[in-house]
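Common to both upcoming complexes is chain A, partnered first by chain B, then by chain C.
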Partner chain A sequence: MNPRRLFSRTKLYWGLALICLIGALASPHTSSGANIFLSYQNLTDVLRQVSVTGLVATGMTIVILLGGIDLSVGSVMGCSSVICAMLLTKSGWTPAAIMGAPAATISIALAVGFLAQFVFNGLERGRDVDAGRRREIVLGPWRGYRIPVLLGLAAGAAVAAYVVSQVPAKFGVFAVLLVTPCFALALGAINGALIVQGGLQPFIATLAMMVSALGIGRLTGGQDFAVIPVYTGTNATEAFEVLRSMVWGLIPMPSIFFLVTIVLFGAILRFTTFGRYVYAIGGNVEAAKLSGVKVKQVQFAAYVISGLLAGVAGVLFVAQYRQGKPDAGAGLELDAIAAVVIGGTSLMGGRGGLAGTFVGVLIFGLLSDILQLQNIDSNVQLLMKGLIIVGTVLVQEQNLGQLLARWRGVPLAPQPALPGSVEAARPPNAAKASTVREDIHEKT
Partner chain B sequence: MKRREFLKLSGTIAGAAMTVYLPAGWTPAKAAAKWKVGFSQATTLEPWRVQFNKDIEAEAKKHPEVQLIITDGQDKTEKQVADVENLIVQQVNALLISPKESAGLTGVVEKAIDAKIPVIVLDRNVDTKRITQFIGGDNVLIGKAAGEYAVKLLGGPGNAHGNVVEIWGGMGTAPAHDRHDGFHAFTDKEPGIKYLLNNQSGDWKQDKAYNIMTTALRNNEKIDLVYGHNDPMAYGAYLAAKDAGRDKDIKFILGIDALPDEGVTWVHKGYLTATFLYATPGAEGLRQAVKLLNGEKIPPVITLPTMLVDKNNADDILKQNGLL
Partner chain C sequence: MTMQADVAPMHDAGNALVGSNAAWSAGESGRSPETGSPILEVSRVSKSFGGIAALVDVDFDLRAGEVHALVGENGAGKSTLMKILAGVHVDYDGVIRLAGAQVRFAGVQDAERAGVAIIHQELDLVPELSAADNIFLGREPLIAGTIVDRRRIVRAAEALLRRLGIAIDPQSRVADLRVGEQQLVEIAKALSLDARILMMDEPTSALSTSECETLFKVVRQLAAAGVAIIFTSHRIDEVVALANRVTVLRDGRRVLTAPIEGLSSNAIISAMVGRTLVSTHREPVAVEGGPVLSVRNLALDMVGPRGWRRVLHGVSFDLRRGEILGIGGLLGSGRTEILESIFGAARGWRTGEIAIDGEPVAIGSPAEACRLGVALVTEDRKARGLLLASTVRDNMALPSVGALSRFGVRGFAREAALAEDMVERLSVRCNDVDQIVSTLSGGNQQKVVIGKWLATEPRVLLLDEPTRGIDVGAKQEIYQLVFQLAAHGLGIVTVSSEMPELLLLSDRVLVMCEGRQTAILSRAEATQEAIMRLAAPGLSERTAGAAG
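Presenting the complex of A and B:
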């Protein structure tokens, strides 16, 4: 690959590097002369601050790659924060426990059941001598459904027993981490069902969920609690502080959640059949359908994942800011979409990926940090963020040769287009050429 | 599953959910009330508004002759306008309103006055002289009280010294500007006081203030006093300092609002140095409405006083509210 094309492909990373450079050069210094921006604490702080948005943006990337959108994540995150705070601070069958326990039981039961079936399927496929050739796999009644159902029921029963045992006292850290995301997952599943089975537009279905989840959060909290405060050690278990601690004094816990999640889903998107299906469906739904891809299942899974990650984000929000509130995630969905778009994922679906989203999230976080360190007026900060979104997306959409050509004043030459880029579909000079030909035609 | 079956099923589930949840949000009307008083609340998402509603409901319980109808504008001007129109149609005897914003609600308030309904405006005013009464706190006054107290903490008038972090409420909201102006009326006279931040807005939110403070702590080695435009932001700043291991270095943290389960609790626990009461006009509003309905004359403006809440009186306030 020639160096210019390489540079053009990696320009997002250069953008990130540029922002870091600006941050380092412009950074204020401590009295001992150390650079504040580059200090380890500051950089880990940024990584922590972007974790909530990052988790949500990870789920959002998968949904957007499919050509969908999930507007409900902010509300679902807020609702989850209420559930989490309530489970932590109140004992007995609170509304949070009433909704969370069945949600956890059912989701875990289904997850284990499907996982068992998936494993049996995989084993059967592996026996096939003709590996790589597609064929229908037919399992017997035992491996086909009896064992998966039994395993699912067993797992569900175990979870139910565990959760119910937590109810009389306040929930512990592990129980909260189990129940809250499962609850959010259930909301995501409703989104998915409405879109896949109900045939609703993703925009409409998730918009409805965005409004409803806010309502659910407020009803759950009750009119008396616009905010549920969490005082670890007083009204909640002290162990909950683990979720905001520095692990080995090196890296904040929320960042670990974020990094593990994004690496995990990055690998899933890149190396698994599910991941390839996501791109295939996002690129062309009809073609994917005709090729035998189970479109509905993949779409459903994407919204479930998005809900699940919003739930995890809700728990981390409670841990960091010691409160659960229904409107905790107001505007979060838009931050997440912005990060995804800055990362180069197309809102049309089928193009982009989690590496870009990771950079997009970091660009947003670093920018906030730099502006804050420079002590810039809050209103100006908003303006700058808007400009950055427009700027990065503009640069993303064009390849570097074109940008440079324009700056040098050289007329656009037909570029060897990047595979999958907009230019591949539309050669830059085609439109011009046809109009010229028409002119000639009229004159003659 | 066919699409129609699915829709039917989801309809059933939604219906079931409604029947479970609706009773929670529905209050039956009092039958034997003499007066119907409507109260249009702007939103119930903020704790201060929740306290506001609690206060007015508690006061309504003391007046069995009054049936109180509360509506929630859900932080949207259009919704609140519709709420007030609905109350006009219900022919309430008096209308209490706490508008989300001044300009958008003025028209519908005039419509109520045209319908011969006396209007008492609470907390934020509307742009008309025809209302019967306005009740509200004075944010400039509260800001001044906080400023005067801050100067005293930092060494007294004339020789106050210290680095101050001020965390703004929502930019472009009147209370934030008033709380800023009032505070600066005192602190700007002190050459020893230095402001470290330039208009940094936490948007009234604990989490945003936390992040602002985290950076401020990184950027400044010495911070003496934090002034948050409300208690959650002051508390957020405290949490940031605590997580950075520097809560002991910061001598004073001041907030505003003094809600029993927020600011007062935090003062009691020693997280905040002091907070200043921004009383809700809920109880006073209903008392005035009852007076008016009974034919008494009421003054056109009532300004609610503020109060310093520090470790000396926090415990008493918590006891009065049954929180201790």
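Presenting the complex of A and C:
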């Protein structure tokens, strides 16, 4: 790979480095002469602040990669923050507990059931993977549905018992971390079902959920107080503080969630069949379907993941801001989409990845940090965000190439939906010739 | 000149928008439809696409007031010729003279200005607009240069439709009209452009018999009024009934131009077929054992714009190991739908029984079909077969990713080995398996599609137009490959529009006509003439009885 290609492939990281450099140079100094921007405290703060957006953007990346969009994540996050705050501060069968307990029970039961079946299938098939490629289905003893169903029911019963035991008193940290994401997961599952089974366009289905989830959040919180304050130690368990503490004094807890999530899902996208299918569906849904990919399952799973991560983000929001409020995530979905797009993931699907999203999230975080350090109006921040979105997307190679070509007056071959960046070897007329050649074979 | 008496009163409703100098209101244009002098002359026109000749030195002429049929097999060059005349293709060799003057259209608008209009098979109407709005789309009369004068549009459209004797409310939404009525709206649109030459590509392909009658009446009326009409059709009976003259194209060359009188439909058919394909002959493989795939009473209903429509009626056949069953028929006769129904990819309601290796199966999705060892190579490999932006390796491995994984974790090494193995076995010409698949040639892309299915070790391979859009050399390689696969015991069903290819590949040929299976011909019975006769609507009813 020549240096230019290397540079153009990695320019996102150079952009990140550039922002860091600007931050460091423009940063005010403490009285002792230390650079505030570069201080450990400041950088970890940035990482803490981007965690909520980052979690949501991770789920959003997967959805966008397979050619969808999830507008509901902001509202789902807000709704989750209300549920979480309510579980922490109120005892008894509050609306939050009434909705959360069944959601957790069902979600965990299904998750365990499917996981068990998945593992048994893998065990059963694992031996002959090398022998033959053809997946000859032998109905082995493991393959029955009985054991997974039993395991699922057992897990569901255990969760139900645990959650119900938490209800009379206020919920503990673990219970909240279990119930809230499960509730959000259920909302994501509704999104997925509407899109996959109902045949709704993702934009519409998730727009409806965006509005509805805000309503659910407000109803749950009660009309009078939209904001539910959480004071650990007084009206909530002291242990909840752990979610905003520094781990070993090194990294903020929310950042751990964010980093683990992004690494985990990065690995899933890279190394698993699920990841392969996500890219295949985003690349060409028809070809994927005709290649035997279970498109509906994968799409459904993506929306479920997106919901789940929005739920986790809701818990972290409560931990960070000590409150739950229904409109906590207003505009969050757009921030997440912006981060994904800056990260180079195509809104058409099929191209991009979580590494880019990670950088995109950091660029936003660093930008607002720099401007805050300079005491610049937050409205300027919004303007800058807009400029960065436009700028980075323009710089992404294929767009820039098109612009330059137009300025130079070079006619472009009709561009099919492929990344112009990687096909250096593509003969200039290949696309044209092949499309024309098919003309002949059209009906005469 | 009797028709002119009918035509003349139509002009009463004349409007500044249309008919001011409409050639087809022949009463005042002074041109007699019977002059017989060519209004359009085409001499030695050639056109090739990327090295493949579509038209070779074609001569063609058209007289005012005549209905000229253009016939030929799929790929004979009919569309190409029409598109050249309509200004769609602008780079061609040869000369076109319009009313004696040499012309070279710069584009479709240019041709329309010169009075040449084309009605494509897929109609170019905006479904949500009214008929009147469609007729004047882009040329709306304005009040004070700003506001669309809707009343004038409706009035003008009404006048126009009345002149054509078409009973359509100009204010009705096009989506609510039948296909035949939409076709008539297209004709009205073309005439509102003062078309002297009207070309229609397969105008009757979607029409019912009564709709055809209406269309024919309008066409005859126009011809009598001096409009020259070119139309293509697969229905030979229609050609005989409607045309004054017929031109037959074969392999891009003109084979015949003659007045319709004295031409039998058989004569037209034998002029159309007779394409030959230089190729190796295949030794017939001894087929043995029970059927690997058997299909009984396969029927498919699809939702069309006007409700449910049956596109397949009771298709039944058996396919043995090592056998290649060809499916012949015209486009739209249900060939692709058979394959998609078997593969579980058809959009619609499917009935009938399918058994694989004697076991009845219910294939509801492509995923199930893959699991059962059925593979489908689609007709449109770019849109439906390949992930164009991905590598050869990823494309080859896609259907097998699940089988090569362990606990959902991809087996990268196994995927690469599979792709390399397939590239070698099918001799795909690529730099390495990491090459982006869109940079390969058509033939090699097709091999990738076939390869990705072979990697799943299927029992039944369904091929839809396996050599579409690939060059001759690559075609030969694909044929050899198909023969090899059959010799290895795969059951193969192949659909092809190219008659010689169909005959070359197939052990037996199933012929489809308008969603019905008209015959299964053995190798000995299958000739181009026999297949064409069984596939052509209108003719097949007469001969189906004879063919059994």
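Worth a mention:
Following the convention adopted for this analysis, the second predicted complex is superposed on the first by the 383 of 444 C-alpha atoms of A that agree within 3 Å, B and C clash if a C-alpha of one lies under 4 Å from a C-alpha of the other, contacts with A are read in each partner's own complex, and residues count from 1 in each chain.
One rule holds for everything that comes next: a residue touches a chain if its C-beta (ideal position, glycine included) is under 8 Å from a C-beta of that chain, and two chains touch if they have at least 3 such contacts.
Source: prediction; values computed, not measured.
By the document's definition of touching, of the two partners only chain C reaches A:G283; chain B does not.
In the superposition on chain A, the chain among chain B and chain C reaching more residues of chain A is C.
In the superposition on chain A, A:Q320 makes contact with chain B only, while chain C stays out of contact range. With both structures placed on the common chain, the touch criterion links A:R351 to chain C but leaves chain B unconnected. In the superposition on chain A, A:N375 makes contact with chain B only, not with chain C. In the superposed model, A:A226 lies in contact with chain B only, and not with chain C.
Residue contacts after overlaying the shared chain place A:G199 against chain B, while chain C stays out of touching range. After overlaying the two complexes on the shared chain, residue contacts for A:Q41 are found with chain B alone; chain C is out of touch.
Within chain A, no residue touches chain B in one complex and chain C in the other.
For chain A in complex with chain B, the residues that touch the partner chain are 28, 30-31, 36, 39, 41-42, 45, 49, 193-194, 197-199, 218-219, 222-227, 229, 231, 244, 317, 320-323, 326-328, 368-369, 372-373, 375-379. Chain A meets chain C in the complex at residues 118-119, 122, 126, 129-130, 132-135, 137, 271-277, 279-280, 283-284, 286-294, 350-351, 416-419, 422-423, 425-427, 430-431, 433-434, 436-444. The part of chain B that touches chain A in the complex is made up of residues 1, 3, 6-7, 10, 21, 24-25, 44-47, 49-50, 53-54, 168, 171, 196-201, 206-207, 210-212, 214-215, 218-219, 221, 232, 236, 239, 243, 261-262, 265, 269. If you check the complex, the residues on chain C that touch chain A are 49-50, 52, 54, 72-80, 121, 201-202, 232, 249, 331, 343, 345, 365-367, 369-371, 373, 376, 378, 382-390, 394, 398-411, 414, 418, 431, 435-436, 438-439, 441-442, 452, 455-457, 465, 468-469, 497.
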